[in-house]
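Chain IDs A, B and C follow the sequence of writing; residue 1 opens each chain.
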Amino acid sequence: MSAPETGRLDRLDEPYRKKKPLLEVEGLTAGYGAAPVLHDVCLTVRPGEIVAVLGANGAGKTTLLRTLSGLVRADGGRIAFDGEDLRKVRVEQMVRLGIAHVPEGRGVVTELTVDENLRLGGLWRRDRADATRALSEVYDLFPALAQRRASAGHQLSGGERQMLALGRALIGRPRLLLLDEPSLGLAPRITAQILALLRDLRERTGLAVLLVEQNVRSALAIADEGIVLSLGRVVTRNSAADLRDDADLRHAYLGF
Amino acid sequence: MTDIKEKRPVTTTRPTTRKPRRHPHPIWYAVAGAVLVVALTYVLPPFRNYQLATVGAYFTVTAGLTVLTGLNGQLSLGHGALMATGAYSFALAQNKWLNMPLSIVAALITTTLAGVVIGLAAARLRGPYLAGLTLAVAVVVPSVTSTFDETLGSDMGLSIALDPPPGVLPMEQWQAWLCWGGALVTTFLLAMLVRGRFGRDLRAVRDDETAARLAGVNVARTQVLAFVVSAACAGLAGALFAFLAQSVSPGAFPLTLSLFLVMAIVIGGLGRLAGALCGALLLVLLPALAQTAGERSGSQHLEGNLALVIFGLVLVVVMLAAPGGLASIRFSTISRRKR
Amino acid sequence: MDRFIYLTFDGLSRGAVYAAFALALVLIWRAARIVNFAQGAMAVAAVYVAYSVTEKTGSYWLGFAAALVFGLLLGIAVEKAVMRFVDHSSPLNGVVVALGLVLVVQGVLGIVYGNEFRPVETPFARDAFQIGGIAVLSRYDVFVFAAVGAVVVALTVLFTRTSVGLRMRAAAFAPDVSRLLGVPVGGMLTLGWALAAAVGSLAGMLVVPTELGLNPNAMDVLFVSAFTAAVVGGLDSPIGAVTGGLVVGLLLSYVSGYLGATVAPMAVLALLVVVLLGRPGGLFSSSKARLA
């Protein structure tokens, strides 16, 4: 378990670097039933920061996101979000705290239409006017979705589904986005669009993103920091620039 | 084909170091059972012998049902109707020829045929669809007696002509012997059947149809065969019930009977013939106890209904308490022995 | 021809009740992937409550309201106390638990009320109007159509026009995703059970007076017809349930009218077998196999 090398991160002269952490995870252990998948995981996400979670298949990346949003019960450790103990928060409440989770496989409800999927993302909000405003903003952001309002989820292409999932998450105006493999099964051009959009969102709204990606190169291209998981443990935690340059690490864990 | 992995039920942990105990051959169980029953019939009073006979008749059908549901994973709510089919066949044949063995064969033939028909349909259905179809059979079949009321006697049913018991044997003792004879032969045959390849196929289909198919098991044929075997058991049981009551009527085979049978095998422990015996005992003892309680309280309403409530509650509690539901309740002597 | 017209209207009136009952089954199937085999018994319990209330107060309508409210509460109780804890690894688990509930409910009703048939009154006359010399509909039939029609419209509006309906559909189709989006999935499930049980109670209230009378087993045969209706339409499809109900009602009416009432149950069984084997997924669903 390597120690967090905060000194290096501080060299990055980003304005949000000085802000206090939005998400702090310490010593997190979790899994399904008897066998833990995650061991002693630590990570920090600050407002406006994009942190990439990297690692081979089965390293525990998806389980990490599912544990953070409460779908998998944590067995030990601390998860703090903006000072709140997330382990005590029910899954249904996460979105109210400002945490949006776009799960593996995107989680588009295929039986519902595009419009219904999007509206679902804002149903919990008290401020109906702003929910409606957010809906039209998402349609502005993704004109492709606006054209397919009435199409059922199962009629969409992979790229459209990813836009829908992302748009639905944004309707809740989250502060932290947990994004699981957005590039899976998508053409490189579309992946690039989506990642560019993430970066743009971060600049404009200060959205923090915890990004799980198999596509290490493109993930590190937009991330500020990366952590590498192997067999459920954090083996490296470093700035994205350093991870890109670390040839040994890339060979050992990231396969390129 | 032999490579199919059994899903080991989590609940039956036994130390792997212990050498598996060899079970005696089923024939010894049958012989011991027969000796025990014959001995019992000489000491028990007539009414107890009648109850003993009823346990035997129930055992015949629960044993077949436990093979179907416990070993093959098909739920049938229609076995009460199959019993009715057997009972009416027995009654019609008996009233025509007055020959018990022939009448029993007639009951077996008609229920086997009925089993083929339902089994063929059932093999294409799963879960709630199969349950719904067999439920429909259980509800609809008794109404057939009204459609053909000249031969089947509508709601009044038919009375059955029977030869007197041989020698000086009291009727109840004779009934117990015959019913247990049927039950022990049935369970012996079932035990032999599920010991071999057929039993392995049954469980393979239950645990994972796709894997079983890939391993060369003919899934549909296995399922139909399981249904037919258990239907024949139900037919024999129906004949035995007709023989016990010396009459048949649709009221003797209500939907509740089918539900009781399911309850009996679930509570007894799915997939074990011993569980089927426990279930059969419960089916006789619980209503008897409930009736005594009802008589004591002086409430007419309590009599049959208390048993219903108890059965229902036990069924719900057992299902909710068992982790994984049916899957953890069921286990079989064979899979335990092979461990 | 007169007879045919009469039987058609009679069949539609019966079919409306089957449709309501099938809708109740479909509601729960969509929400929980459980065919509620206890639906019939639960509905009978509600009708008994109505019977008691009507007997005490002398008002049919108070009893009617009591049945619906009781059905709602019973649905909540069954979901929260029992069905929530059913293991879903095998679809049989839910079926067996529901059957256990059938025994409990029927036993309790038998203990409280006894097993004899009790005649139940209707709020409107059951003798038919004459239109052009042909007996067509009774006032009670009109009431049945109106009640079932109101339920269908109300459910359609609920599911397609309201946010609660959207939540319910989302929770049924994708529970985990819905929870991540802040939908209280457990609550939606309870609501589904409550609605279904209330609709089932309504169907019971409508049908029991037209049959032999009130008895703990009064809905056994009706359940089979309603299950057939739901299967004909496809368990996932509310529109299918309504259509299936009407189809089954018409079939039963024609068969009893032309071949005799005792043949009707067998006709239902035959229809069930034909649909199950011939048209997997029902007439109204995209071909989803029944192997689940």
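Observations
Simple rule for what comes next: contacts are C-beta pairs under 8 Å (C-beta built on N, C-alpha and C of every residue); 3 or more make two chains touch, one makes a residue touch a chain.
A quick note: this is a predicted structure, and the numbers were derived from the prediction, not measured.
Setting subunit B aside while the other chains stay in place, the touching chains still form one piece.
Closest to the protein's overall CA centre, chain by chain, comes C. The distance from the centre of subunit A to the centre of subunit C, each centre being the mean of the chain's C-alpha atoms, comes to 45 Å. Centre-to-centre separation of subunit B and subunit C, using mean CA positions: 31 Å.
With centres defined as mean CA coordinates, subunit B is found 56 Å away from subunit A. In subunit A, there is no position where the chain touches two or more neighbouring chains simultaneously. Every residue of subunit B that touches subunit C in the complex is listed here, in rising order: 73, 75, 77, 121, 124-129, 131-133, 135-137, 139-140, 143-144, 146-147, 149, 254-256, 259, 262-263, 266, 299-302, 304-316, 319-320, 322-327. Residues of subunit C touching subunit B in their complex: 29, 34-35, 37, 82, 85-87, 89-97, 99-115, 217, 220-221, 223-224, 227-228, 231, 235, 260, 262-263, 265-266, 268-269, 272-273, 276-277, 290-292. Within the complex formed with subunit A, the subunit C residues making contact are 163, 166-167, 169-170, 173-174, 176-185.
Residues of subunit A that touch subunit C in their complex: 69, 71, 91-96, 100-101, 103, 107, 109-112, 116, 119-121, 123-124, 168, 172.
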